[in-house]
Amino acid sequence: MRARPNQDHETAAAAALSRVRERRPKVHCLTSPVALELSANALLAVGAVPSLTGHASGVRDFVAATDALVVNLGMLEPAREDAARVAAEAAHVLGRPWLLDPVKVELSEERLAFTRRLLVFGPAVVRGNSAEIAALGGEDPVRLAAAMPTVVARTGAEDLVTDGARHVAVANGSELMDRVTAVGCAASALAGAFLAVEPDPWAATVAALLVVGVAGEIAAERARGPGSFAVELLDVLYGLDEPALLERARAR
Amino acid sequence: MRARPNQDHETAAAAALSRVRERRPKVHCLTSPVALELSANALLAVGAVPSLTGHASGVRDFVAATDALVVNLGMLEPAREDAARVAAEAAHVLGRPWLLDPVKVELSEERLAFTRRLLVFGPAVVRGNSAEIAALGGEDPVRLAAAMPTVVARTGAEDLVTDGARHVAVANGSELMDRVTAVGCAASALAGAFLAVEPDPWAATVAALLVVGVAGEIAAERARGPGSFAVELLDVLYGLDEPALLERARAR
Amino acid sequence: MRARPNQDHETAAAAALSRVRERRPKVHCLTSPVALELSANALLAVGAVPSLTGHASGVRDFVAATDALVVNLGMLEPAREDAARVAAEAAHVLGRPWLLDPVKVELSEERLAFTRRLLVFGPAVVRGNSAEIAALGGEDPVRLAAAMPTVVARTGAEDLVTDGARHVAVANGSELMDRVTAVGCAASALAGAFLAVEPDPWAATVAALLVVGVAGEIAAERARGPGSFAVELLDVLYGLDEPALLERARAR
């Protein structure tokens, strides 16, 4: 194993996954209605404990009781916008790491303006696809990450994770991940769990994307289509062991 | 079979499940967005007919057309709060049995206050985990049930169902039930179906928890993780037969 | 094959499915919260690209960017009512084909009145079960279709698709389709994808219902109950090939 260049990332990802399973961190997800179930089930599969309340009046209490926050802007509407602002500010004030997933921010000026307001509260990580990251000024994600500063994770056929100084590409995954709704949202939720147990948000994000990507690969091999893929993905996240993760992880 | 102490509960549960399948009761569920799909699918799997409309303006008509009501406070927000109040009052006035699932009531003073307002409308059953039941004053569930009066079902590794006079423990289930979101909510929804066909709410609740617990055990044996567990749970609820239920049920 | 009377419908359905897979049309679904995930996953399984934003303020942009619109009235509440009105008007003005699924319109005067307001915006297709179509004045669906004019698809054990002049019955499907929530809503979503690639809305609807019905039949043969049926349905939609479709389709 020593000969492989991504030994550090592989080993760190396996260690972080073990910590998630042992510590069972609480992760509060403010996410799209369509992503609620898969996000919660992905978190439960790795041993994390999700909460999902999305209304402004109660959300501060939930953030105070949580170890990490994930804010996903899919299907954004005014009530969740209010809740997201309150939750992000609470995470900022209380020192909880939080991740922003600016879903389809490229399609709407309103959503872009709202995203910029949330960025003031210092997310540890911003995760999006190339169109979303580009809409935030991240044609060059490394420069965006350095400027904010935050970790930027641009996911796609190959994921890029950078904090402006360090960067790594993750080449795991499967095309079936694009044939099931909210798999990206669930990956963001899982990254929240890793942020809760790994103080370096860059390392936490790399670990989460390696775990999701490897799990997606294994699930795709076992699946007959997107229906069974989604089922297998949760089973694999639940049972993924260190040897499989070390063998398959492709970070560089 | 006669030698076993829980013969009555087993037999009654099997009979109630048969009645659900024959009569196909309508159950209106006001539930958390994350619990909608699994709750509806669990009801459909046993032959009940769910409706889910959660807005105050139409909910009275739906309660009037239903055989039982389930009110679940997960992810509570103002519009569903209004609908829950209207629906609970309608069930009370119209004489429909209804079940209250006070999700995470221990985490918020607001939710506790709202739960107390709903209790005025006389739920047939209150189902929660130990923290939720304790928050309602049920450190001693038997006393709480007698005082309200209502059936209190405190679920966990072992479930307790009491109406203040009678009590029974249900020891079925699987740890995988805690690794899939909204399984408890789906159990509450199923209890609604049993309330619709069994006039004694204590017996209905015992029957529902036996059915869910046994189905969970069988599903866990067939599953490779939480993804396949959720799939198997619905298949088992659909196909569960009397011999399997009688053999596995552990009520005492 | 030539000897069979429904050769035209079979062949046209297979061709339309191929076009969906090649062109990957965008379909915007304004649908019930319980139907979001299955609708999105059914669309993704056949290669279409769903969007789901359900708030009035952003929905016009989403309709402008889409190839077809689906409006489903399940669990209707005021915010989605506003969005539905804006979206239907936008589809009308922009010339996007759109389908209306008037879920449970027979249960509420309010929903019926709202449905009538939407019909002004000229849906290409109205799909519902017999009670829903009857509530719109469609005891005789052929007459209703001619009067509006629109395609009327009345689904059930046997589906009827008519535009007032032409009509066809589709006899595929499985009883398990009624044991999984939102399968009908997902069928409506899929019909949206076919509307995007087939300019004749009657032919598009027949094709979509044949594909869904055949997929449901195959999935039911592979399933052990409603849980595995839902998984298989997505797998079959993803992998369904022309020979299976031609062999099983029963249109007349």
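As written, the chains take the letters A, B and C, and residue 1 is the first residue of each chain.
To be clear about the criterion, a residue touches a chain if its C-beta (ideal position, glycine included) is under 8 Å from a C-beta of that chain, and two chains touch if they have at least 3 such contacts.
Because the structure is predicted, anything quoted here is derived from the model rather than measured.
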{"item": "Chain contact graph, described as a line, ring, star, complete graph or other shape", "value": "complete"}
{"item": "Turning angle required so that chain A lies on chain B, C-alpha fit (0 to 180°, nearest 5)", "value": "120"}
{"item": "Whole-Å gap between the CA centroids of chain B and chain C", "value": "33"}
{"item": "Per-residue overlap in chain A, given as positions that touch at least 2 other chains", "value": "33, 37, 230-231"}
{"item": "Contacting residues of chain C [partner chain B, same complex]", "value": "32-34, 37-38, 74-78, 104, 107-108, 110-111, 178-182, 223-228, 230-231"}
{"item": "Residues on chain C engaged by chain A in the complex (per definition of touch)", "value": "33, 36-37, 40-41, 44-45, 50-55, 57-58, 61-62, 65, 79, 230-239"}
